[in-house]
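What follows is a group of structures, each given as structure tokens.
First chain A sits with chain B, and in the next complex the same chain sits with chain C.
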Partner chain A sequence: MSTRASAATARALSRDSGFVPPLHGFASYESAAAQFAASGPAWLRQLRAAGLETFRQLGFPTTRIEDWKYSDTTPIVRELFQPPLPSPETQVDLGLWKPWLYSECARLVFIQGRLVASEVAALAQPDQVTLLSLQDALAKEESYVRRVLGACAPLNERSFTALNLALLHDGAWVRVVPGTRLTTPIQLLFVGGSVERPSILCPRNLIVLGDVAEATVIECWIGQSGASFFTNEVTEVVLGEEAHLTHLRIVEERGAMLHLGLTTVQQSRGSTYRSQVVTFPGQWTRVEVLTRLEAQGATAFLDGLFVANDNSFVDHHTAVDHVHGGTTSRQLYKGVLDGAAHGVFNGKVFVRPGALKSDAQQMNKNLLLSDNAEIDTKPQLEIFADDVKCSHGATIGRLDDNALFYLRARGVPADEARRLLIYGFANEIVERVPLEIAERSLRAILQRRLAGAPQED
Partner chain B sequence: MPTSTAKIEELVSREYQHGFYTPIEEETLPPGLNEDIVRLISAKKNEPAWLTEWRLKAYRHWLTMKEPTWQNVRYQPIDYNAIHYYSAPKMKSRPKSLDEVDPELLRTYEKLGIPLREQELLAGVAVDAVFDSVSVATTFKEKLAEHGVIFCSFSEAVQNYPDLVRQYLGTVVPYNDNFFAALNSAVFSDGSFCYVPKGVRCPMELSTYFRINAAKTGQFERTLIIADEGAYVSYLEGCTAPMRDENQLHAAVVELVALEGAEIKYSTVQNWYPGDKEGRGGIYNFVTKRGICLGRGSKISWTQIETGSAITWKYPSVILRGDDSVGEFYSVALTNHYQQADTGTKMIHLGRNTRSTILSKAISAGHGQNSYRGLVKVMRGAEHARNYTQCDSLLIGDRCGAHTFPYMEVRNSTAIVEHEATTSKISEEQLFYCQSRGILLEDAVSMIVSGFCRQVFQELPMEFAVEAHKLMGVSLEGAIG
Partner chain C sequence: MSMSKQPLLEIRNLHVSVDGTPILRGIDLLIHRGEVHAIMGPNGSGKSTLCYVLAGREGYTVTKGQVLYEGRNLLEMSPEERAHAGLFLAFQYPVEIPGVGNMYFLRTALNAIRKHRGLEPIDAMDFLQLVREKAKLVGIDERLLKRSVNEGFSGGEKKRNEVLQMAILEPTLAILDETDSGLDIDALRIVADGVNALRNEQHAVLAITHYQRLLEYLVPDYVHVLVGGQIVRSGGPELAAELERRGYADLEPQATATLQ
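Take a look at the complex of A and B:
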């Protein structure tokens, strides 16, 4: 697109639309998209072009858009992002991230979006599962990929999803054949950051479970950076009938890491989606989990924990869409905010007309530990059917004075008593983590973060 | 429950009881809005120059504003130039006493069940009645004057107590607050004014009855209540309108000011014409209500029963500025047929040890859509602020909707904020239990709904609680099936 045309687009984004164009214009995004535009099959090139067009029409959302009321996108809007420079090294020493390499897992490791290691030897049933980078999957089973990509994360009005599509290059592909109960957990490790110029990365992961399949997938997003590093990732999950997915997502980032993670899930009859989101944010993090319960008996458990301090911003959005009756959802999100951190929770429950016997519960609890910290929470119900059971709750408070007194009266120093109580608060989520090694690693991070010690891996 | 369906259909078709029109001679300004109309309204009320200017400032600001669209209600665009901004029953001069009020008007109020005269004698409730745009009668003036309480129409207040009006008007809801508040500030025609002096406990309930009569008019009243240090006042408003096919706009502004140790209790029983069962006609009730607890230890309590209006859209709010001040919001909102409601409150905690309670009960039936939208904001300086919010929704029928949009923004770590919400339907078991004991279906529904709303009704002054119960019964009849 010519610069003149994009200037016109920028003008078209009137102040009132609630969207703004990038501060430095669309040119850098266009040239980034051009790098990938020629690769892949025709349908994918078309998708990318559509993504770029939508993004160019929309720009970035501002706080005037209800869904972004508390999420200021300025740290993203103002940067002149480019795709990260390819690393000159061909051999990567995985030892640097040893604590993150969970044993017993089959694993894909991506560094700055590039697949550097594929450890599939651990898979007990290698024929029942495809674990590939998206690029490789396109080469080996394109028809599957085509059916799934974009199916549950459509473009709509979501400019970040459109941007992800425009710059879509690689990601992870997990496909479990019907009837398989996968005994080996799958880990997807994404290492970002460590860049010298503002960089943007748009990975897309696709997880497909056939009917009656069962799997555990652990996504870990880690990294630290001096210059802004923006991860704009989308994960699409498609669950067949009676499929069970346990999906743990850990974000542990530091420094100028900006992270927008969107997970969209499509659930068929009798399927179960168990999501755990644990976030230790860098500068700016927003994690969204959206699930559609499309048939009878579909069940979703969404748990979340975020622990933030300093000046970090952390936002969790959930949306459970009870499209069909006889579906169940449970949500529990807990937040711990210290320093000058700003936390946001927005949980939505929709019950569509006719979705009778839907059962939805949602809870959000927040600990506010400092007067400079801020929490904005908005649990939301939109119910269009009468025979339903829906409830939600939210609390905001500080540590219980009585509990602190109890501990101190027994000789526990104030600092330690505080840590103990916060740890206990967070533990409700951590103890639900399915894999012991992941649970241990989370406990270690938690303790480190709470101790305020210099954070070394 | 097919057996009861027929009976229910019959009950549903029961019409709005206050839907009559009073053929009374009215003086109406031509439709449309411009600076001349604003000046004309101001001139008609013989207002001082500062107020005319204030109106014009509001009008000019309104022109720069856009009608909001974020609310969870749908309606056809309003043509602001088709509305009559002023309509008044013709009178030679202000009536000195009830005897001088047009008997046709008094009969209207009698039909509505508020015989002014009778109330004057028996009920002990002082009533200010607003008919279309102007206040027609205020009862019990002398008795109130003995205690130093000023209770009169807004126009009278502008004439007789201009300093008080000037001091407080627009301090809680500024003229540029929002689209409809700006419109109201430009064209408001009348309303009630109340001032309770220091240390006085107002000896009776004060009440205003609003009535829209003329066609194609908007009603824009403005209420200002000031409770001086240590004063107490309980105020109640009720509203009705005739049945018409077109929608009528009601955009009022209510401002409450509570000084140190003062308490204001404001109750509303809103029964504007809700439209017919196809969703035609009805009142658009777009109202800005806000109170400020200015002084230490002051308290403002809102209670609202919202059963009428095609669309109800309002958020009675409290700004808790004084230390130890208290804000309360109790609400029952009922939507039947095609009614829509987007209502709730805002509690803004500024002072230390400020407390707020929110209790919202929403009932949706037919195609009704009911939203609770509330904001609890704890600012940095509001040490030990406390909020408890509960909002429950009851759904009757599978075509209605209940929505909850609570916002909690907390910037102080000593704050404790709690919110809980539930959504459910009237259980078959409860209905069966009642019916098996010989209680008719509609009585059983009414009973269960009353129980659901009990906590809110308890907050209403006695005689209005009775009225509210009856209103709920009527509004809900036939909603089950």
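Take a look at the complex of A and C:
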């Protein structure tokens, strides 16, 4: 299919369905899919085939789709992304990523979608947790993987999820046995991109906590400098009864890096999902967190922070589904936008019929630092039950002139005062980060990105 | 006070407007090192405007007159330059700054001023010791220091925090904008003690107040009465007591009293 024809088709499709095919056609995605199609058990091959078929039918969403109204996928549609070149099995020097290797953590490191390091020696309870690449997990505990994969991230009309499934090759597998309070945090480090050609990466992570299990998982998504790539990742989380997961996700990208992340969570009775998503986008980033509170006492805390400048686009979508009554959710997302950055927050809370005594709060606060920065914020409540407690809100503001003057009147130079206030705004999220080394790491990034935020005491 | 000595602050015929409305209408004031001045006046007389103009807040237009600080044109200096030069305003309504730790803020402010004085940033341990000592002096709970700047502080705690900052930064000219308002008598005494500790030949204080109460603890050398944007009377500490008895009612802004 020629580029011209493809563009015409794209417009036609767009008018009809709100989806467009890739500008260069499906060929590169199909060849990427073909690379993995034959590997793995039959059920997985079928899943991949179904994913590819759905993606072929849908293509990419356009802004005509309500959920993509502010998220123009053109940068993804127009680029010719190809699967990563197979890399020679040489030793990888992790020293390059040293600031990202959090001490005290057990860790898997993926470069260009390929597992390059598995550092599990730090695990204090090695028998109570399985920390493997998805490929290794398929070899060792296929029946577990089969039960989880795709279960909480159904395809529906989700073309990116379908694409992830079509290209599914590897990812991380974290399973904590019931009753285990995992003392060692787990870090999953993903380094994307090669400078040779724009690549597409579709990792799938699965996190399963048994009843009364507890764990902290930190995902870090970064890129090789100068690389152009598109990460289309999906993480599925299944929490047993009274299970508690703290899930920190950091995306720090730059330049021509595109990132789409989807995390879907299933929560059983009394479980707690504590999510913190912090994004420093490259060209285009969208991160979605969807959680289903399926039984009494399930609680979700969703925090987010995005700091964008230049021409970056960053979008945070959340959906908390109060399927059952007596469930609680709290959301706080904060955005700092400078330059000509464009930010989006779209948070949904659903309270299903009969989900009595649901308690949901949602807040999005944004700081606009330049006249060209833009934010579209849309906190939404959809309530189909009585006797619930729900609130939502959004604020958009500039730096507080009173605070700025107060700092300057104490001798703090104007530019430093500005940075201090921005840092203070972001700090509300950063100080909630559970692991000190991750908190320090985030402060360092903030410092770099804001050039002059305070050093740790 | 020797007349030949250069004044620390010299305000000459200062006229200030806000959004085109004249607020200060010809202020003259001389403050020398070592002196404590009090400005009293009813609401709306321009007391806070005077404070903000001296500290360099935006939104105030000087239409006439000048202000010299140590012989320099104060009005040309940025707020931070004024702070570096030793001017300090204790705010009537201290600002809450969520996410910025009080300790960090104090140290940033102190180091900014030290830098201006050609000093190295203060050592972390020395700073901690300094803060502890001063916190004790102004009776501020150390736990408040660990919180964000003024966040969730009571009115009295915010005022004490202002005095703590003053005690740490040791300004040459401290301007107190109704620091006494909203304080109970114990807090008032502590605030006054904090100010009195600064009182020596090198420093000067300009205390703006609505009530005479503060001046019982902080005995001023001079009292000025500000009404309708003009200083209508000046005198010694006895003037404050007189105002307390008779109020401001019979004081009209006409002939501007001159000092000395």
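In this section, the second predicted complex is superposed on the first by the 430 of 457 C-alpha atoms of A that agree within 3 Å, B and C clash if a C-alpha of one lies under 4 Å from a C-alpha of the other, contacts with A are read in each partner's own complex, and residues count from 1 in each chain.
Here, a residue touches a chain if its C-beta (ideal position, glycine included) is under 8 Å from a C-beta of that chain, and two chains touch if they have at least 3 such contacts.
Just so it is clear, the structure is predicted and the values come from calculations on it, not from any experiment.
Quick check for you: in the superposed arrangement, does A:Asn402 touch first (chain B), second (chain C), both or neither?
Second partner only.
Figure out whether A:His392 sits in contact with chain B (first) or chain C (second), or with both, or with neither.
first
Looking at A:Val412 after the superposition, I want to know if it touches chain B, chain C, both of them or none. Which is it: first, second, both, neither?
second
Given the touch rule stated above, what does A:Leu381 touch, chain B (first), chain C (second), both, or neither?
Only chain B is touched by A:Leu381; chain C is not.
Under the stated touch criterion, which partner chain does A:Leu420 make contact with: chain B (first), chain C (second), both, or neither?
Touch partner of A:Leu420: chain C, not chain B.
Among the partners chain B and chain C, which is in contact with a greater number of residues of chain A?
B
Once chain A of both complexes is superposed, is A:Glu428 in touch with chain B (first), chain C (second), both, or neither?
In the superposed model, A:Glu428 contacts chain C only, not chain B.
With both complexes overlaid on chain A, does A:Ala373 touch chain B (first), chain C (second), both or neither?
The first partner, chain B, only.
Just which bits of chain A does chain B share with chain C as contact spots?
Common to the two interfaces on chain A: nothing.
Tell me, which parts of chain A touch chain B in their complex?
On the chain A side, the touching residues are 16, 66, 353-354, 356, 366, 368-371, 373-398.
Sort out for me which residues of chain C touch chain A in the complex.
Touch residues, chain C against chain A: 55-58, 78-80, 82-84, 88-89, 91, 94-100, 103-105, 108-109, 112-113, 116, 124, 148, 165, 169.
Give the list of chain B residues in touch with chain A in this complex.
Residues of chain B touching chain A: 66, 70, 380, 393, 395-425.
What residues on chain A touch chain C, complex-wise?
On the chain A side, the touching residues are 400-403, 405-414, 416-417, 420-421, 423-428, 431, 454, 457.
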